[in-house]
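Next up: some structures, all given as structure tokens.
Below are two complexes that have subunit A in common, paired first with subunit B and then with subunit C.
== the complex of A and B ==
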């Protein structure tokens, strides 16, 4: 296998060493050609926009007007503006509430509860429940948001019809609650599916061992189920956090309103950059958002590494 | 300590399939009891019904002097060791062993002390802080046993206790298990599909097939006097030769040309012309090259080496029989010779009911 075994002993000309990690034996140049198309695509559609955003964030680029034609370099002015603007901090706070309530608490807990309660059901009942939950996930966001608009409409909305509270403007009185519930409704299917498969991977004999010594349902959950699916919980929480943090769909329900009460970060960026026309500022806030995402992801990776070591 | 008494026990699955079908079994206090049968015979279902992991459809189950037919698994005084040991991977050995005590709200220090004592008793010293993943199969099994006996249960249930161990370790663990059971004196029920395991370990064996009990008896009884052809064929490392035959003129006629004597004690229970199955274990047939009274002419077809003996397959008038021949006397395929059955060790079964005659 190694080159030295094929070389006569005492030979002075050392043969070209093959790198230990070059499993395919292509060599760097030919391997490079093979990955070039993929790298080009990644560069074009992922790397370039990212770098472009960084650059944009340091200009006063606007959608219209003089700066649209010839934007000027403004350094970190956009970042200073964003970080000193109370509406940015307000938006960040709303995002935090939204992520915790609809993502971490809502989708994760309800998803787990659903997965837990259907695990022993079989046949059409299970298929029906799973189908309904999954339907909320697979129908297009525009359709889903329209359904919710119809549900909570002030005049002749379904909810008002059911409760007999005609004329009550749910989306104005409780806008944040509305998009939180909306997002739970849309996204719970993922957690449910993930936890369903996690639960089915818990060895039944471990649960039965706990049952044999008289462990209650809660004790079985605490001592057997959760330790066994810790990795799944972590992965699920990471994905849900990032998705919820970045989602734009609530805009289709409340459009950030009323009065900025549901202006979560993704909506805030949109409002700044497109209707507001401040593309440079929008790009700067986007980069801040990206950094927050990275911090979240790194935190989870750290936790999961620590878990594996322990 | 307690005995187990099951009366007309039925476990019926949705759709009407019966995993356990009207089983009556009485297991004595302190007994080492085996549930034996091929896979799918209901032995594990019966064990799980005793454990409380399967709801009993009808019948009654008494452990000690308590009717536990509908009791929760944790309220039966029963501990169970699962086939895969079911240790908690996230707990160390001590916490695994002490887990039942934790559920029973024993104080932390007492738990630890008990766990260490039990672990010592099962030669797990020095492993107490390891995780199950760091233990060998044999050690894992002992941890599972330690967890089961830590609470001093009345009854210990073992599901295929030796099947996850490799062949050499299995013999070791078998001896270990028998010793442990004798030392603890705990009523123990174990499930196995391996008849050798059941014969070696158990005080009594219940042989099952298709949810029904076939025979309950000591290893000697089920080996020497099987109730029916199923038990006869299932017990013994070389299955018993079962040859279709007819009763003719006070003897057994195998085909047209061959006949042999009736097993002792069956003369009064057979009638002329009755279809029967003649049973003889390969160990109780002697191979000889010289004809003698009662011998059956045969031709060797296959020779298998078993180490200290050889197993030969012979043809007798179109029927295939197996014979164990001691080493150094092995014939070669194609050889012709005679089989001499040990008369007192042959059995006769009714062809129709498959029950033993006499």
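== the complex of A and C ==
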């Protein structure tokens, strides 16, 4: 206990039993100073905006004009306006379709299928397939969206060239399908990687005994693999839901168009608040989005806690 | 007797045929899926080297002229510089503040520490760039920080820090405390210990965070898109978008080379780093 001779003033307040952790003699006061800058930054630019949304959503704040200088408190008017506007419900519906089709179904199923398919393959085939899927995920969003514009271009796009459908405007005829496929292309890598590591953790002995009793591939999947990776499936689904719900990238492909046909909630908020200038209304819709995020995140925490206990 | 062996043989050959067909079908489906994933990428790889790139997929008339032209384009090169500036700037803020906070949280039991950590992580996954774009835009405008790097850096750092603290705290926890104990025996103060003992040992973790942050910021579109106005300040992520939306006649020679140059760093980092750290690298909070 010679160390106690150099004990700085700060740690005098720290109870004895904690000394074992505080090997550098930091002390609670100095620890507070170490933590403060980071917490201040997070507080100001992450926590405060979230809280500020509540206030902002109850004003008629606008980007320009009289309401920009002196916004007035309007209570729940913005919420009434949003909830009675068919374009808001349309946007919410499109978001649901987008999240279910591209996230929950598309990315999860294709990601799992890919992980399952390449699990026993080694060498260049596996590296190539995983590399391609991952490349789509790491390429910056604005490049990825341009590549899809090239792919689906009306006049000389790759897709029309391959299918011999020259002049077919995919982004006008099937805008929703386009951003769904685009998002599957971008995001599948995460599910693939997550399921790859989950599958490699399934005890081989269980698969072996299933094979011994003559279980088919499908039966092995249903009775051995899926029960083993149930937790991963839930985690994956919730994270993908959260991310897909919050992605803004489809805007770079279709800009919400044509005629609002791809105006998912993130795009709807942007269009309302920033080019539209209605910051108050935009904030009200943002709060709805934040609350949905909260519900998904809490579900995620429950699931991951349950997994740790189980 | 003979009948039953025949049946067995028949069944056996049936299974082989079925097995074989299943393999072929499996290979076929895997190839098609692979091709679908590759399709948009082929253009990115081929068009920049084509003397006359079009939107169609065609074998290039090989040349490096597009890159020579790109390097002389002041807007393109400046935007790459801007991206680097934003990436490195955010990285410095996040690594310094994150390391200090993570170290203190790892070594001192601040009341409610674990609660704070999980709370922060929850906060950063709920308050995403899209959900918070309206209040963030309004706050940054009111602070007079619109169209400044200060605003962009603060917003980006605030969003990334919770994840950084979480990962770094894990890392700091794994550093054996005996080094710090002996440094203290020789009379080193906490700052000295942090600088000369902890930071050198935590270097792999700090390097991981540094690279991860730069990759996150490099591709980030929304924050600079909303908070920056002047074309001079735009990072590559936004300029790429401006290139194909605002120019009347898209200059495909420029755009294709720019797209590849802009994507190359993250692709290279991925191939180098992912081998070492696994997929945790890109498993962080997106957008």
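As a working rule, the second predicted complex is superposed on the first by the 260 of 310 C-alpha atoms of A that agree within 3 Å, B and C clash if a C-alpha of one lies under 4 Å from a C-alpha of the other, contacts with A are read in each partner's own complex, and residues count from 1 in each chain.
Basically, a residue touches a chain if its C-beta (ideal position, glycine included) is under 8 Å from a C-beta of that chain, and two chains touch if they have at least 3 such contacts.
Not measured: the values here are computed from a predicted model.
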item	value
First (subunit B), second (subunit C), both or neither touched by A:213	first
Touching partner for A:41 - first (subunit B), second (subunit C), both, neither	second
Greater residue coverage of subunit A in the superposed arrangement, subunit B or subunit C	C
First (subunit B), second (subunit C), both or neither touched by A:273	second
Partner chain(s) touched by A:227 [first = subunit B, second = subunit C, both, neither]	first
Touched partner set for A:205, first subunit B, second subunit C, both or neither	first
Which superposed partner A:176 touches (first subunit B, second subunit C, both, neither)	neither
In the complex with subunit A, residue positions of subunit C that touch it	26, 29-30, 33-34, 36-44, 54-57, 93, 97-98, 100-101, 103-105, 107-110, 118, 120, 122-139, 154-155, 157-159, 161-162, 165, 177-178, 180-181, 183-185, 187, 189-190, 193-194, 198, 215, 218-219, 221-222, 226, 236-238, 240-241, 244, 255, 259, 262-263, 266-267, 270-271, 274, 278-279, 282-283, 286-287
Residues of subunit A touching subunit C in the complex	2-3, 6, 8, 14, 18, 21-28, 30-32, 34-35, 37-39, 41-42, 44-50, 52-53, 56, 61, 110, 113-114, 117-118, 128-129, 131-151, 153, 155-158, 161-162, 185, 188-190, 193-194, 197, 242-243, 246-249, 252, 266, 269-270, 273-274, 279, 282-283, 286, 289-290, 293-294, 297, 300-301
Subunit B - residues contacting subunit A, complex	51-53, 72-75, 78-80, 82-90, 99-100, 103-104, 147, 151
For the subunit A and subunit B complex, residues of the former touching the latter	203, 205-206, 208-215, 219, 223-224, 227-228, 230
